[in-house]
């Protein structure tokens, strides 16, 4: 699939600030960034870096002084190659065989308190044999028990809160999915990206579970086709992959995001179409 | 300093289990493992690995079936080289100059909700200029406001809880120190190790703050000299560096730990002796 | 029904202490205390009082000094008269018609944060028309989603925690039932008493919901027949009706409780037997 | 002191709703309501009632259907008589001598989790001998550690949250004061009223602690003179004495409040003027 993605973020910078952005499309084996551009007005110093594990591309922007209107515009053309895998090949990898780099994805994190959700996870999903079906059951439960309502949660809301609140946005749906997976000894990580057919257009978040030796994409919101995602970053949770983290005195003003396909006859792969198949957007060779 | 460290952990394994241990002394530029041995009774499969960033050495143990008494015994002779640095050289590194590998140590984590403690951190410590003095003020505040009481907290207790509870153990003291540092844009990480002169003998936890381009060791408990530590692991918080993480059905039974010095005339460096100097146990060259 | 109830509580009193007990069977229109005795060893000063609204009988005990073993023994013969009412007569009373004394039972309390559970309550139970069926659905949900496990909760655990924890004891089941009812504008209160056929024998807690102009008894634990209860106290939640509240330095040592019937052919009214009928233990004429 | 108080509240009623208001000045031995009027536009059914313990006067308003603009206007002339008492007469009343009606003010409530704040209360204030000075120390601590910032908290925020958040409004300051008092076995209750010299004009909340056989008024916000208060209601916490509790579908639109004195030469009694004296606004003879 070929996508054109765009994001325009504006800030008011009140005093010296450093901002760290996750808005660049990641370059991976399954995702080519054919063309991209970054425009920042007024011009300020930036640097870009990839996190140690290759999961995120960060851009650091240094605003040395007051800027009434700082505009960050990113634009790219990206080609993605999803792999579709049969559920029967998506068994859980026992902890004893897990590559050691995956082990930290079993640990609880700021927004995914898998330790506190362990009993609930085992009671609700522990008896489901196949790992793919187990994670699908998790996303179904979230979809049925959490209502998508903008403005009900904020940047301090965690998976633990969502269970009782019963409402949230994509980030909260993802955190709860991750927490349940980890509680069941399935490595899980946060995925943030651009998403085709998301209404209204915005950055999107969902999650990946490591089953059958691959990171399989899951989205409990059911808002977009799984093959319509363009990866920006992965991480333990939103703390690692926030669209923007502000150090200093700056105020977010607005965001405009778009994701269009240049592929004719785009065949959306939603969970319904997929049936017992999973979608993977490989990061490493 | 030369130390002999020992730990004996016993478990009852009820069914197939995998355990991941952080009990090995880490090999770093400032810490030589002169000699070490690991005995596991009955013999089971293990493998050892170093985490991507070189901060932790894990041992994975696979118990394929019921074991009434699993004993893990580790023993090592370790030579450490602390560096002592003047407070005036320990200034905060602004986020714009931070090495990108350090940025994740600014983010909140499972047990260190720096986002929720931000106002408190800035109100109490925000006006202190020098970074070293700022972190010392943090440890002083924790020492004065949190009582060291075994059994008041458990594995779900976080820095956020400790403020109001006003009691905890070394792990809780460390989490709160880390959370305050991160809230103030100072990278901070969890340190777990063997500790000379800890009474009663046990594994110990404290924290490191990245100031003056180094990871400086701080211990809000004031229980041990800072140059009496032997590093096992570092991590975002206890989730990354638990002594043992159990996957499966195993039950912890007992732990015996010791840390003795083989250095004659050991000169303890406590905060009182140190005055305006910090202690560093370098990990990387 | 005629019951013989007994309770023996022992404490170690370390220094001057006042203890407030809720262990006396309440005297109400539907509950006669035929015979009762209270023995305290060693003898200390006590007084007894009924709370303003007639819902609780408290006994205050003053231990002026150290007592190695304080024993409180209560024994009574109690005759109760349950009323059984058809579900069709158990409609919700709209707030506009509620007696004003009931209104405080709509407000959130320490252990029943109905405000935080409102969305969940409305989503899960809001569409059920008849009030009796609504409360039955609440108790069914609790029974299915919360496991009865001693030792999983403590005196700080609240309804809010229970949803995610998924485990608790009778007190926790009651708190969650109350919180859901209040969230749905149904007055609800905590009930504590002796319970026939409770295994193992202990004090019991359940809750009452005000529907059809009466306080109807509900028990989400399904552990005892609803007509096997002897009321000790009612209140907003366990804060109002704890078995014992200790002011000073005293330590609980042991409790022995029993509740036997002297009624031949006791016909247990469990939810299954009741079908669409509710049980009421009237307090006021 | 003679005050003229006013409040105008407006709501949009979307569907059938019942609203319960605490806006009437309470009639007590120390507070005469010389004149009062209530205007509701459009006219709807209301009833008024005093809570069992005489602490609150509620007005219940029934809006049977959609009302685009419901206006509730209350106006009164009130004469209050404060008693000023020396700190030396304000000793703590041991629980063994407390009137039984006061005991429920020792229990934790929705917003005042005195059980969870017990260690903190004893550590910080436990060594202060005189009860009045102890409560003053509590209010001083709150004043110094909690910043008054509108919009930082909401209707779910409790005393427990405020400690770590370090910010809040009058209601939060009151809740924390109450929680600390109860933790120290001092009965404490929420006070809501009109307040002279409050800037900007609004309803106000503070708290009363029962010491020296009286309810003494304390205000950790230091925003108003203690003799400038006109009592609307008391209660366990804001759950009992909310300005308005909405049952049904109504939306708060606006509130305008004023409190002016008709007393010439009003002598404000702030904590500074009071020194070691307390202020009491008796409710009962």
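Letters A, B, C and D mark the chains as written, and numbering starts fresh at 1 in each.
Everything below uses one rule, namely that contacts are C-beta pairs under 8 Å (C-beta built on N, C-alpha and C of every residue); 3 or more make two chains touch, one makes a residue touch a chain.
Computed from a prediction, not measured in an experiment: that's the story for all the values here.
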{"item": "Length of the line joining the C-alpha centres of subunit A and subunit C, rounded to whole Å", "value": "46"}
{"item": "Whole-Å gap between the CA centroids of subunit B and subunit C", "value": "46"}
{"item": "Junction residues of subunit D, two or more chains touched", "value": "116"}
{"item": "Category of the chain touch graph - line, ring, star, complete, other", "value": "ring"}
{"item": "Complete list of chain pairs which touch one another", "value": "A-B, A-C, B-D, C-D"}
{"item": "Of subunit B, residues touching subunit D in the complex", "value": "116-117, 119-120, 123, 147, 160, 163-167"}
{"item": "Subunit A to subunit B touching residues, read off their complex", "value": "18, 20, 45, 49, 51-53, 58, 60, 62, 94-96, 100-101, 103-104, 106-110, 112-113, 115-116, 155-156, 185, 239-240, 245, 247-248"}
